[in-house]
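For reference, the structures are reproduced in the following blocks.
Each of the next two complexes has chain A plus one other chain: chain B in the first, chain C in the second.
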Partner chain A sequence: MADSSWLYSFPEMERSSLRAIRKTLDGAYKEFSREYGDLIESIFDPLLSFLIWFEKLLLSTPWWIVLLLCTGLVYVASRSVKLAVACFVSLLLIGYFGMWEDTMRTLSIITVCTFLAIAIGIPIGIAMARSNRVQSVVTPMLDIMQTMPAFVYLIPVVMLLGIGKIPGLIAVIIYAIPPVIRLTNLGIRLVDKEVLEAATAFGSSPWQRLTGVQLPLAMPTIMAGINQTIMMALSMVVIASMIGVKGLGQPVLKSITNQYFTLGLLNGFAIVALAILFDRASQAYAKRTQAHLGDQKHD
Partner chain B sequence: MTESVIKISGLYKIFGPNPKKVLPMIAEGLSKDEILEKTGHTVGLKDINLEIKKAEIFVIMGLSGSGKSTLIRHFNRLIDPTEGKIVVEGTNIMEFGVHELQEFRRHKMSMVFQRFGLFPHKKVIANVAYGLEIQKIDKAERLAKASEWVETVGLKGYEEQYPSQLSGGQQQRVGLARALCTDAEILLMDEAFSALDPLIRSEMQDQLIDLQETLQKTIIFITHDLDEALRLGDRIAILKDGELVQQGTPDEILLEPANDYVEAFVKDVNRARALTVETVMQRPAMRITAATIEGALAQMRKSTHDYGYHITKDGFQGIITEKELESAVSLETSGAIHPDIYEDVPTVSPESAIEDVLTETISSDYSLPVVDSEGNFKGSLEKESVAEIFSEKSSSEKESTATEKESTTTEKESSS
Partner chain C sequence: MKLKLAALALLASANVSASECGSVTIADMNWSSASLIANVDKFILENAYGCDAELIPGDTMPTTTSMIEKGQPDIAPEIWANSVKEAVDAGVKEGRLVFAGPSLIDGGEEGFWVPKYMVEQYPELKTIEGVKKHAALFKHPENKDVSGFYGCPAGWGCQISASNLFTALKLADANFELIDPGSAAGLSGSIAKSYERKEAWFGYYWAPTAILGKYEMVKVDFGAEVNEAEYFGCTTIEGCESPKVTSYPASPVFTVTSTEFSKKNQPVMEYLEKRGFKNSDMNKLLAWMEQEQADSEDAMFYFFENYPTVWKSWLSTEAAEKVAAAL
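Moving on to the complex of A and B:
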């Protein structure tokens, strides 16, 4: 056979075998989700009920209490009157333009996502900092999580858990968790070697070293990671709304399909306002806890 | 003499992926460079044997890359040796498990670092109390103890500051207080004063010497500065390319450098400050022990000298010249030697630095008598030997000084 067609067109695998591969994988995964879907769903049940409870709490509390609470929290975190006033005014505007409920829904899911991302991300970051092997395994996974289009990993999640809050939550966390992991790892690795050596020389155990020296000194970097995580979680709300997460994302989605320019813009601005508030408040808080880095009198 | 607190024997440290494999190559006598070229392993330390005595300041000196910082980290096992034994107070610390090692570091040894190694997020007082915090000592108790040490190092009033608000010298005082606060008997100081400017450095050296007088700790001090080594050290070990070149007292290092390397080091040292009268004085040329002028003159005439040192059982009396004796005899004021005939010459103490007695030595016509605090005559300080300290010596001359030195040491031993 002197067939030289492979020189001109790429020697692809047989269509039939590709179909077979797809069929087997899809079938296996369908089988898996049919088998274990309920079990896995039940694992997430406590989380789901917490999410619903938290959302209801925000929605059922009178709006002015939530408004004052948010303003108060921003002030406590940042100790800045300017920022607290900005928070108050922007929340008032959001409510006035009829986006209060959606904003509360978004706020609740973002808050839960952020706490989960921190709770999962920091231990992973610590493990990465302690072992080069863990780092070399986790880093490519983080790369995939950050670059893989969100829709692609939404497919299996939706297949497994259906449409709703939990799949949305998982999608948001997958997308938003890498910064906190990466920066926890980086922050701990950047801790001055001599300071760490001093801690060891005085006989501190690995746990004492971690909690007393490494984490406090890595805190500025870790806080930057948390900040990034919050931002990325907020940017995911529109995509999450495609799989049934209610909130500011849904009106945006509706605006895209129906070409409602103003509705989209207003909801977009509400997301931006939330993002800026989260960002400024968390950064100001981080700065305030790092008192020792400031006001250097002389060196 | 005093017992040894730390004993290190046959210590090797090789850096690289498979250090054990390289050990036999060192035994075969391959050099550091050859091993690096052949295997990619760096020989950090090679056959180190040390004994450190209780309550002495033991200085390990070497240039950068000589392995001195690696060596000091073996004392508390911040670095583990490739091979060798480290015995502290009779216990082989190489056999310690994780927990025992932690306890050992908490109670037996503490460390001061070159770049201070302070915790930037803790206030001065919390930094000093860190060692006690690790030992889980009650907060009130550890803060009370820490504030005592803060005061001792002269930082009272700075307790609530952060390290970044202090100057370099103040920061290292915090480092020193932190190390002393755990009451560990052994203090490791890794180039503790090298990052400070010269004035602050000598201030800190003084403070360390003062503290050591009352505390009597065993201190291992690392430095690259020979002046500092000579000033602080009871004994000095010189490290070059991971090997111990010479160990000894400051005087031994200065006067009998073991090889060219040490000699090159020693050349730049201000010897007049580092050496004491005791180490350069000579066996007295002429002792006059007679009680009468006639007897003294008789003794003097028998010798080739034209002056002598008059000694009685009460110790050194004065310098008498032959001329003076002869005129006394001719004036027929015979009998006991009268204090009037002594030459007007100052005496020097054996412990003074050469620098301090320089003017007297040079302005006097005679070799100055060296007399200790009890009035005993120890020897004489010749102008020539003082001048030699300052002159750039060729190696042949050096040998002659070395032999002279031997005679002085035997003299010292016999007189004491």
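Moving on to the complex of A and C:
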């Protein structure tokens, strides 16, 4: 009987050795955070002061200037009166329901996250498109980033950097960056080989081919990736607030633990409104600037 | 063949005994001590009372709400009455909930804490006056101009008491700012981070917990006695206008069951009334869990092995024998 017990129950690793592995790895991580925590924290310091400065800027600017500025930006980007009016009205409603400050906080961190994600993501996407080896390394990493439950890496990051904006920003970027990388890669790979050959035949350098042919032709796909990144960044607002990032996520958390459904819904809608504004404005901008591509668009 | 027979016998006996007690759901709260108690209850209910017990993941607020509204889960093994006072009291008044007995005999201990290594360096930090005097030590993570006080996570009952005491102790005048850590994990993460690097930390926490078992902290003396009238009349009420200073009273920690369950299962209720842990035992168990990285099931077996006098005192001789046989 005892000999064939592995037939009935999975031959597991000894509990004690599993525990030993867990203890060793945890100990090593703690050792690491003790040793290098301050150094790593100081690397992020400039970013943290920028985040704080930007948030203070949005908070201390009178509300009507921010309101007009946002509406103006949306109009300039989209050239659509309808969208500008929608932006104006939804921001007014957000303010009227007492969510102005939280919305500004969320707006500031999400804006920074989105720009960082784009600035990091597009070069990685380009590198992936140019080399199959890079692609085969990066793709599984993106899979991990998108599926790994956020708390698994959040708490170690908190141990390293403390609670607040920087760990929140890292969590948001980890979750939100994959679409822009994937779709930049895909967009460039989908550019017609013959168009590239023609460009080469005209004697263009690799840099010219990239900036003059590949990126413009891939732009609709890249823009789709950017949109997804914005949406996913906003959906992480609540998770980020679980490690002390101020903003719309905090009232959401508070209302779900206390079951204040209306409060939760209101703040949820404010997040949705921000997401839709970001999305529509950037999409309209992209469509407008790519109008010359005609039927090349595939969105 | 032997195996089959044994399995059949087991099934049959499970069927017979399960019909006496039926299926029971136990809330498995998402913190260690409550989860350990839930596992102990499950094991004892299954083996001594023949229940068909099931653990349901939970958290204070959702679990109590569900118990009041739906009568499910049947047993919540560790409810900190102060933190959900209104809801639980209303539930008891409406006859939907029953207090079965204390699950932590000494009650829970809440307070504002500073790490021990800081008190060794600045003995004055033992009192709130000393903390205010040395406010500059406690750096705010995001704002260099103010000091940081780590409050209780958003939405928890203790958020109200901690922020009222923050006002009462005039910590804002001492240049402190209340930080919302967002979640229990965020709060304990911030303690762990500070402790590992011997940095300053000042904030709200509670015991018995693995964090306070593992990291030695000193409870800050508010310089005021426990004033229960003030505590329950103002400190724990949201929006109380002029909170006054009072120490935290020991929080009663109860096992709560749904009324329906308590009526049907008298023998189990008798067990639940007797079942209670001393803080000293619980702290040791939690520290063991943390040190060994054990889960609550491991800790349950550790508890049954190492504290036989404790659990045998909760059970009749017959029931205790059944449990011992199942180990």
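In this section, the second predicted complex is superposed on the first by the 291 of 299 C-alpha atoms of A that agree within 3 Å, B and C clash if a C-alpha of one lies under 4 Å from a C-alpha of the other, contacts with A are read in each partner's own complex, and residues count from 1 in each chain.
Quick note on the criterion: a residue touches a chain if its C-beta (ideal position, glycine included) is under 8 Å from a C-beta of that chain, and two chains touch if they have at least 3 such contacts.
Predicted, not measured: the structure shown is a model, and the values here were computed from it.
Trainee: Return fit or clash for chain B versus chain C, each positioned on chain A through the superposition.
Mentor: Overlaying the two structures gives chain B and chain C room side by side.
Trainee: Could you tell me if A:Gly203 is touching chain B, chain C, both of them or neither one (first, second, both, neither)?
Mentor: Once the two structures are laid over each other on A, A:Gly203 reaches chain B alone.
Trainee: Quick check on the superposed pair: does A:Val195 touch chain B, chain C, both, or neither? Answer first, second, both or neither.
Mentor: First partner only.
Trainee: Let me test your reading of the model: by the given contact rule, A:Arg79 touches which partner, first (chain B), second (chain C), both or neither?
Mentor: Touch partners of A:Arg79: none, neither chain B nor chain C.
Trainee: Taking the superposition as given, does A:Arg288 touch the first partner, chain B, the second, chain C, both, or neither?
Mentor: Touch status of A:Arg288: no partner.
Trainee: Here's one for you: vertex at chain A, rays to chain B and chain C, all C-alpha centres; what's the angle to the nearest 10 degrees?
Mentor: Given the fit on chain A C-alpha atoms, the answer is 150 degrees.
Trainee: Can you tell me whether chain B or chain C touches more residues on chain A?
Mentor: Looking at chain A, the partner in contact with more of its residues is C.
Trainee: Is A:Lys23 touching the first partner chain B, the second partner chain C, both, or neither of them?
Mentor: It touches chain C, and chain B stays clear.
Trainee: Once the two structures sit on chain A together, report how near the CA atoms of chain B get to those of chain C, whole Å.
Mentor: After superposing on chain A, chain B and chain C come no closer than 46 Å at C-alpha.
Trainee: Going by the contact rule set out above, which residues of chain B touch chain A in the complex?
Mentor: On the chain B side, the touching residues are 76, 78, 101-107, 109-111, 113-122, 130-131, 133-135, 162-165, 167-168, 178, 182, 188.
Trainee: Which chain C residues qualify as touching chain A in the complex?
Mentor: 3, 59, 61-62, 65, 141-143, 153-156, 179-183, 185-187, 189-190, 192-194, 196-197, 292-294, 298
Trainee: Report the residues of chain A in contact with chain C in the complex, numbered from low to high.
Mentor: Chain A reaches chain C through residues 1, 15, 19, 22-23, 26, 30, 33-34, 37-38, 48, 52, 151, 154-155, 158-165, 241-246, 249-251, 253-259.
Trainee: Chain B touches which residues of chain A in the complex?
Mentor: 192, 194-195, 197-205, 208, 212-213, 216-217, 290-293, 295-299
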